[in-house]
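Next come two complexes built around chain A: one with chain B, the other with chain C.
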Partner chain A sequence: MGERTTIDARGAFCPGPLLELIAALKLGQIGDEFDILSSDKGSVTDIPEWCKKVNHEFLGTTEHQGYWSVLVKKAK
Partner chain B sequence: MAGNGLFILLCSGEHEKIQMAAMMASVAAVSERPVQVFVSMNAILAFAADVPPSGRYRGGEFSRLLQEKNAPDAISLFRQGRELGDLKMWACSMALDIQHWEMGGLVKGLFNGPLGLTKFLSDAETGQFVTL
Partner chain C sequence: MAKQILILGGGVAGTIIANGLCRQIRQEIASGTVAITQLSASDKHMYQPGLLYVPFGKIRESDLFRDQRKLLDKRVAFFVDPAKTIDVEGRKVATDSGKTFTYDYLVIATGSRIRPDLVPGMAEGADWFYDLDGARKLRDKLNDFQGGKVVINVNAPHKCPVAPLEITFMLREFLAGKGVLDKSEITYTYPIGRLHALEPVGQWAVPEFQKFGIQSQTFFNTKSVDATAKTITSEEGVTLPYDLLITIPPHSGQAVITDSKLGNGGWVPTNKQYLLREGSDNVFIVGDTTNIPISKAGSTAHFEADVVVDNLASLIKEQRWSRAYDGKVYCFLETGMNTGTYVWFNYTTPPNPGPPSQMIHWFKLGYNRLYWLSARGLL
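Our next item is the complex of A and B:
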């Protein structure tokens, strides 16, 4: 099982959270999970769509007070 | 597999349009689309070397808000697109000539080189074309 990394991108504006996720994914191993915390509500739709397009695995979104947690698994 | 190319012709010196070009270019590039940006007219003035972000942009209400709220700087977004994806940036050779600028007069490490409009238009026949 891969490692899980939390990326706190709260306060960053679009497309900051996505770009932070991608930078982290580049450094990770296949199977690693990345939990990105974002206060940008566009991330809730943008990150799953990006995962679908480039073939990473979107594991789900959890809403918190004023931000979202979006979980992604590096698949390639 | 790389998707259909995105070609952005950036002419406006308005901060809001430069910001949108940077957002589109960076997101498309990291989404495995090859992107080319051709910078000309007033837009090239925003890419002058050694100018701080506070003096780089001219715009309206959203320009003020983007800077006040520390939105990602357009130059940084273009850089991230280049680092994380297939993004090429070209400086219009005509705009450089008019300004009497060489490539050294532009932000360092951002542009692939000078290019003529004819070559850019020819390359753009294969992809999606956006003008800002």
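Our next item is the complex of A and C:
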């Protein structure tokens, strides 16, 4: 079981939630999970779409009050 | 015994903090109650945004540098002796020369560095302008360039978020001026599904790229570069041929951060309002070195530094906090050799770039000169 890291990218306009995830994944180990908190609704589709393209595992999205939590596992 | 404020890093943030504190706590320094020391890896202070102009011969190299000792207030003790290990529990820093500096307050402003070594083949096959040697090498190649496929490749994370678009637009004009644009094709790659991290900037760039015939490949996360075959390949399975590859390499923080176990990738976990290291009450992190999800930009470092100056001075003089950092970032964006725009935002206000103009380009050129007043804490 890998480590889980929370990336609080709420209110982050630049570089934004997906780029923060991309940078964090490079530093992680296979099996690590990343919980990205985002107030940007676009992340809800962007992140799963990107995971599919590069074969990381998208674990799901949870909607909270004013933000979303998107969970990804580093798969390679 | 004097309270010691130790500043690691002689870039924009470290220099503004040193100079700003000398003004705000001048009485405490004069009475010997507080002392300020700065450690840097270089005796020179470089204006990094000026590197953008080097490949096109638009700036003299000497304009990029000032003596750090002369930029700093004379009341700051300055040593060209970078930190080797940082012991936050022991409140001390060991340097490359073997000295040890203890502190009451520590400011870590060690910046970031390019890491082309993190992508197989990138160091051998690509050019960049993010350091002086790279910018010079690219300048020579551009002088000899007679047309062909140019790929401008962007990797995350990197500092100066707008520089990839700036180099693209400036390159197009440069090639036109050289008379080889009609024999060239420019392709810009970006890691996410649009042309820039900032959505309004990415949207603005779409018709600009179309107008100038600049190709793009989004969702391009670099896997490797083949310097012999002259191709670059993405994790998404796309391979692009090139005659000239200009990359914005992935970055990391400085080795001292990872060696001291202060942050994965060299980025220190930092409170986004008060800029304290998570878990510390006397260690401030400023500029690129933070892990805050914010632009790694000179303006970010500058505005963060102003907040740290106010807070450190207030803590020393009044034992209270002064203010929080509101996330402000302000970036000029060159849209060619003669036009520019700007974009600003903070934690609560989204970006809204205006139309490019010659006047804003001139402001940017003016700021390239006025920067040294910012470093002195005067602007």
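Keep in mind that, in the parts below, the second predicted complex is superposed on the first by the 74 of 76 C-alpha atoms of A that agree within 3 Å, B and C clash if a C-alpha of one lies under 4 Å from a C-alpha of the other, contacts with A are read in each partner's own complex, and residues count from 1 in each chain.
We adopt the following convention: a residue touches a chain if its C-beta (ideal position, glycine included) is under 8 Å from a C-beta of that chain, and two chains touch if they have at least 3 such contacts.
As the structure is a prediction and not an experimental result, all values here were calculated from the model.
Chain A has more of its residues touched by C than by the other of chain B and chain C.
Of the two partner chains placed by superposition, chain B and chain C are both touched by A:K53. By the touch criterion stated above, A:D8 is placed in contact with chain C alone, chain B being left untouched.
Looking at the shared chain after the overlay, A:L27 reaches chain C, while chain B stays out of its contact range. Of the two partner chains placed by superposition, chain B and chain C are both touched by A:L18. When both complexes are overlaid on chain A, the residue A:G42 reaches chain C alone and has no touch with chain B.
Residue overlap on chain A between its contacts with chain B in one complex and with chain C in the other: 12-16, 18-19, 22-23, 26, 46, 50, 53-54. By the touch rule above, chain C contacts chain A in their complex via residues 118, 156-157, 161, 191-193, 197-199, 219, 221, 235-236, 250, 264-265, 293-295, 327, 329, 345, 347-348, 350-351.
For chain A in complex with chain B, the residues that touch the partner chain are 12-16, 18-19, 22-23, 26, 46, 50, 53-54.
On chain A, the positions that touch chain C within their shared complex are 7-9, 11-20, 22-23, 26-27, 42, 46, 49-50, 53-54. Residues 3, 23, 26-27, 30-32, 69-72, 77, 80, 84 of chain B are the ones that touch chain A when the two sit in their complex.
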